[in-house]
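Shared chain: chain A. Partners: chain B in the first complex, chain C in the second.
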Partner chain A sequence: MRDDLKVGVFLCECGGNISDIIDLDEVRASLDVEFVGQFENLCSLNGRKIIRDAIFDHDLDRVVVAACSPISHEKTFQDYVKPLNPYLMDMANIREQCSWVHSDKAKATHKAITLINASIEKVKQSDAVDPIYCQTPDEVAVIGGGIAGMNAALSLAKQGTKVTLIEQSPSIGGHMAKIGKVFSPVKIAEECGMCLLNPILNELVWNENIEVLTNSKVIEAERRAGTYNLIVEKSPRYVDTERCIACGKCKEVCEVEVPDDWNDGLSTRKAIYRPFGQSYPESYVIDMDNCTKCSSCVKVCNMRAIKLRGRPERIPLQVGSIIVATGHKLFDMEKRPEYGYNRYNDVITQSELGRITGVNGPTKGKLLKSNGEVPKRVVMIQCVGSRDEKPDGHRYCSKICCTVALKNANIIKHKNPDTDVVICYTDVRTPGMFEKYYKHTQENEVRFIRGRPGEVVKKGDSFIVRTEDTLKGEFIEIEADMVVLSTAMEPSDGTREIAEILNIGTTEDGFIKESHPKIKPVATDVQGIFVCGTAHDPKDITESIMQAIASASKVSEYNYGGVEIEPFIAEIDKDKCILCGDCISRCKYKSMSIQNDEVYIDPMACTGCGKCLVGCGQKAIHVNGNIDEKILATIKGVLSNKNDDERMILVFLDNIGYTAADNIGVNRLSYPESIHIIKVISVNRVRPNHIKYALENGADGVFIGEFPGDLMYDEVERKVDRIKETLIELNENPEQIMFSKVYIPYFTGLARKLTDFDKKIEELNL
Partner chain B sequence: MTSKQNIDDSPIDFAEKIIADVKNSKEEGVLKCVQCGMCTSTCPAARHSDYNPRDIIERVLEGDISILEDDLIWNCFYCYTCHSVCPVGNSVCEVNQILKQIAISNEIGYDKLYEYMGFADSYFTAAIGAIPEIFFEDIKNDVPGWWEFRNNLADIRDELELDPPLMPPKEVIDEVSKILTITGFKDKIEKIRASEEAKQ
Partner chain C sequence: MKLIPDKDILLFRSCLVSVEYPGVESSTKFVFDKLGIDYAISEKQTCCTGLGHYSDVFNQIDTSAIGARNFKIAKDIGRPNLVMMCATCYAINKKSVKLLNKKDDLRNHINQLFEENGLEHLKYEKDDLLPSENIFHVVDILYGKISEIPKHIKYDLSEYKIASHHGCHYCKVHYEDTIAGFRDPNIIDELIGACGCKTIGWYDHKRATCGTGFRQRYSNPDLSFTATADKMNALDDEEVEIVVHLCPNCHIQFDRYQPLISKREGREFEAIHLNIAQFIAIAMGGDFDKVIGVKAHTTPIDSVIKELKEVEQ
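Now for the complex of A and B:
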């Protein structure tokens, strides 16, 4: 039946890119199909007319477009074959994988014919399927109430989207609230951070589309068809925010004093406290870990706002998208005892210096040592925990510490021009406008010594900072009475936790990984989850806000446009399914769950890898789109054109490997003509039967490439090992099969591997 | 002084030779050096002499092979502090050992090694590395109490109810000597001794 289908083939010259190498006349003459068309630029609108007219005139059932890579123009030609179903068209890649990688015209032409025939056989096995559209709920959860999360929430709310802002601490505001002064490269001046933050905070508080949950964290998350079901745990505040008027009487009577974490422990606060002057909600909170439950506060509270009993509350949330803005924390100085941070009071961090110089800080803005005196010399040590491959260090540059040090050095100079400030640096990194601020700092008589200090020791009343002045090549001991450490930014605990709960990818350093560092800087590797701010990597306030607004914009794209999904996903035959749950535990993409006594497959999560099929005892699962048959037909199509003296190697690659292979062509590298690349939806769909068939029917070698980041990588590797073992049992040479890692950027490596494999197969055949 | 780099010069070859040495455990560490000077800031030799570990790497990266003949490289005594503090995972200490080895194979630094011949001798006579007697005077001056401790070691052990020190038996000494002879260690030692004594 399928053999009777009318197939039309359209050859694209690609303005000579294809026709200069491949003899299209010979190609046309060799094809046995209903219709063959040819044009210089098929992707143009004229091309559309040629294809559409031929479909009507010749009553075509299937279309093969022999042109560039499907990665470039599959969407275009799926559109051009209308009114045919888009999945009844297949592309033979005779540019990136033929004319651009081969120079021998006769061989390239023969290979083009092979690739086109394979596409013809494949497309005959295709069925009409419709793409799946998912509309996700409009509601959004923004996790983290720092400057990034606040801006993301506000941007969405102003576009009419309902947002829940979830903050773990008792107030929103984040690090920016305690930073003291911030610095603007244009004005060459330090400005009040709180004065910039406050308007944003107020706007957010008054926006009706935003609900703020403080003392709250996400503890569970589950995703179904683009809907996230979150469970948020809200810890008790013990003070009713509706009643509390923040009069502060409670604080006066509280007898418990503990270090104030908002002041980095440099001052104390009571067990009932308000985190900082402008904190929101505008209400006190009880730190129950330290409260003695003496009830003094309860007695003085006229508003009867205080309740010493309370339980965590679990709030279910249903949202369509999530923005992760869980931020950073600073490097733990216990890991670098050589700088004496834990031993000496006047060895502090830049963050603590920010509190000391802040007017709302422990010394009301006066720069004082722990004994109350003004320091004579402050030495700043850069790159503490950054650019550091030692244990617990970070290899990356924390990006903002150079400017932070400059800012704090200038603030010291404004306050006490007589205090000598020395910055010990390895490189001063002040790109763009920040360079002007660096010059300004030098003009303020801040001194710079190029050298990375090895240790800080106490000598009498002051410290000795041991370093080398590397520009002079001299070992020096700098006497100082205050040492400030520029500590690295690292992912906050919340960032690490939420990555695990939401199952989103992280970098080796624990930051949330974007799905592409250049072109998808705010998407994560999970659809519908975006990232912004320092949860993503070290960055300053400006960049955090830009990324926050970008992520809000991406959420709006989702909310307005919905999501189109390729339909080649698994489907359950409900009559056969006995709800054993085997498939649910097998699925590496967590796409399956039981809902209403049926196995439900999330179309956004399923990749069509087919792992569930193999284990299903009831044979109740199939993957849409005749994938098995299409792979087999492609193999048959490739092999049917084989000459007696021709070496034939089949290469199976999924989207990632295929893109890497295209890049070989794009960069005009080459590999042998024996290499025939077959694109599959998932490498796991290449079954032992396919490989067996290929080797028995003329394939000399089979190469399977998989991206190590794919969840199925280990599985596919094991499968290939098993096939090799079977070959050994059958007295066949397992070297005919090769499994290899592929990476998109490493296309040169792939070209070499393909060339080496061809050579190996040639030797085996001798 | 102007230094010149001609088009065919390949200064990085020297660093590559050192990286390829079997003694180097830090892979590409030498190449990643940013000259931050943290090694020098913690180096005891740098504090007491002109030895500068950062400068060692700088000269290696510049392909300055005159460093092999520089007396300063003999000031490192392998405390491995530079090795443990280096932010890019380099080890000047190992580089230093490789430089010395290259120097020795080029017959440089025999005079430095000659002072340590006592160490080598003790491998043959006792199968252990013992402090050569020529150092006793210096240690006596530098380390208070050391001389008394050494002289009274037997009594101290006795008081602590420790057995006398366990010394390798004759078979072991013979075996170690044999190994040192077969591996060429003995020839090397004799060559250095002969060369230095001929000078005297």
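Now for the complex of A and C:
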């Protein structure tokens, strides 16, 4: 039946890119199909008419376009074959994977014919299927109410999107609220951080599209077809934000005093408190861990806003996308006992110095030591926990600490010109305009010593900072009466928790991983979840804001454009399915679940890898689009054209490997003509039977490439090992099969691997 | 915390302990016996090569070959858990196990050497021993029994000012296996705590080397003794009376050279130096001559510990 289908082949000259190398006359003469056409530039708008007319005139059932890579123009030609179903068209890649990688015209022409024949066989096995369009709900959850989360929420809200901003602490504002002064590289001056934050905070509070949930955490998340069902737990505040007028009478009568975390513990606060002057909601809150429940505050509150009893509330939330802006925390100084942070009061962090020099801080902005005196010499130690290859350290640079140290050094110099400031650095990293600020700091007589101090010890009333001056090659001891540590930025606990709850990828350092910083910036590995700010990696306020706005823009793309999904995904035969749940646990992409007594497959999560198929005892699952048959037909098509003296190597690659292979052509590198690349939707779909068939019917070698980041990588590797074992049992040489890692950027490596494999197969054949 | 064995132990003898402070070995056995630890000593065991290795006499191949031989001996007598009294032996053996397991060419080369010399029985198979599961220092084993120690304490040493000196090759070579801190090492302090005493904790230069540096002591004595003097000065500033060690190299540098450094610094250093096993053995009532081996010490132990006070029941 399928053999009777009428196939039309359209050859593209690609303005000489193809026709200069491949003899298209010979190709045309060799093809046995209903219709063959040849055009100069098939992708141009004329191509649409040419293809459509041929389909009508010759009553074509299937179309093969022999041109460039499907990665470049598959969408174009799927559109040009209308009224045929888009999936009844297949592209033979005779440019990136033929004319651009081979220079021998005769061999290239022969290979082009092989590739086109393979496409003809494949397309005969294609069925009409419709792409799946998904529209996700417009609502967005922004997790984390720091400067990044606030900007992302505001940007979306101004575009008309409903946003829920979820913040774990009692107030939004994040680290920026306590940072004291900020500066931008174009201005050689420090500005009040709170004055810059406040307008954003006010705008956010007044925007009707934003709901702010403080004291709240996402504790559960579930994804269904692009909709996230979140459970948010809101801890009680014990003060009614509607009634509280923040008069502060309650605070006066409270007798409990505990370290004020907003001031990094440098001052105290009461058990009932307002986190900071401009905190939002504009209301007090009770720290129940320290409250003695004496009820004095309840009695004094005229507004009757205080209730000492309360329970966490669970709020369900349904959103289409999520922005993770859960931020960072600072390096734990217990891990660096040599700097004496826990032993000495006047060894502090840059964050604490920010509080001390902040006018709303514990000393009202006066630079004072713990004994109330002005320090005579402040030594700053850079890279505490960053660029540190010792255990417990971070190998990365925290990026902001150089400029933070410069800023705080300048603030000290403005306030106390007589205080000597020495910065012990590894390298001063002040790219772009920041370099001018570095020079400005040097002009302010801040001193710089290149060396990472080994320890800080107390001798008498002052500290000794021991370091090597690596420019002079001398060991030195610097006397100081205040030491400031520039601590590394690391992922906050909230960042680590949310990564686990949402099942999104993280880097080896625990930050949220971008899917790809160039092609998919701010997108995570999971569709519909985006990241911004320091949850992603160390960065400053300006960069966090830019990234926040980028993530809002990506959400809008997602909301307006919807998502088109290739239909080659698993489908359940409900009559056969016994709801055993085996497939649900097998699916590495977590695309399956039971809903309303049926197995539901999330089209946005399913990759069509076919893992569920193999395990289903009821044979109740199939993957749309005749994948198995298409792979087999392609193999047959490639091998049918084999000459006696020809070496034939089949290479199976999925979208990532195929892109890498295209890049070999784009960069005009080469590999042997024996290499025939077959694109599959998932490498896991290449089954032992396919490989067996290929080797028995003329293939000399099989190369399987997989991206190590793919969730199925280990599985595929094990599968290839098993096939090799089977070959040994059959007295065949397992070296005929090769499994290899592929990466898009390492196309040179792929070209080399393909060339080496060809050589190896040549030796095996001798 | 990782699993610490209390049986199938080969107590790995140390050249420096045997030659310089035999009391460290007798004290270790005394304490092990009290704590019910199952161990044995093998006459077939050789030196780990450490001193020679770090003085560029033995290369890594020779060192690993000798390691392989000693590991085989331990396995053959059913005591695959090697427990070292010396930090150098500890780090050397751990490194050899790691290399023999990981580097196929090194292991094959050594096995070939064995074969060519009629020593097939010494051949080392990959993963015969595991670095974290089979190679320990005495302090690790004691730490595994830390809750048992108080039950056997007879004498109260809490009146003395005590400080710890942790050997570099225990703390700073194989970080992943160091117990109770490597940036701020505390295993000795915690073991002393189990004897009912409190150390001074952190002091200036606590983490610093003893200064021995293997051949540095002889080829570069000025640098070597400057490092020791820094530490001795810091200990004296804190009026420390007992310094507790875990490595015989450090022990020698401090005890044997204390008079010399006193002269060099013009400051009379009077602290006594004990291995942690000796310290615990004293607290458990070990005989000063037969168990602690005080006669081998340069700074007399009785210059500080003049009489013992029994623990109040």
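The rule we apply is simple: the second predicted complex is superposed on the first by the 766 of 766 C-alpha atoms of A that agree within 3 Å, B and C clash if a C-alpha of one lies under 4 Å from a C-alpha of the other, contacts with A are read in each partner's own complex, and residues count from 1 in each chain.
Following the convention adopted for this analysis, contacts are C-beta pairs under 8 Å (C-beta built on N, C-alpha and C of every residue); 3 or more make two chains touch, one makes a residue touch a chain.
On a predicted model such as this, the values are computed, not experimentally measured, just so you know.
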On chain A, do chain B and chain C fit together or clash when superposed?
-> clash
Greater chain A contact set [chain C / chain B] | B
Regarding the shared-chain residue A:Arg343, is it in contact with chain B (first), chain C (second), both, or neither?
-> second
Which holds for A:Asp427: it touches chain B only (first), chain C only (second), both, or neither?
-> first
Examine A:Gly451 and indicate which partner it touches, taking first as chain B and second as chain C; both and neither are also allowed.
-> first
What is the contact status of A:Asp392 with respect to chain B (first) and chain C (second): first, second, both, or neither?
-> second
For A:Pro137, is the partner it touches chain B (first), chain C (second), both, or none of the two (neither)?
-> neither
In the overlay, answer first, second, both or neither for which of chain B and chain C A:Glu468 touches.
-> first
Which of chain B and chain C A:Lys335 touches, first, second, both or neither = second
Looking at 4-12, 22-30, 94-102 or 148-156, which bit of chain B clashes with chain C?
-> 148-156
Could you tell me which stretches of chain A are touched by chain B in one complex and by chain C in the other?
-> 338, 390, 455
Which of the residues in chain A end up touching chain C in this complex?
-> 335-338, 343, 390-392, 455, 457, 459
Listed in rising order, the residues of chain A that touch chain B in the complex are 338, 383, 387-390, 393, 426-427, 450-455, 466-470, 473, 475
Spell out the residues on chain C that touch chain A in their complex, using ranges where they run on.
-> 175-176, 181-184, 202, 204, 207
Chain B residues touching chain A - in the complex, by the definition given at the top | 34-43, 46-47, 52, 54-55, 84-89
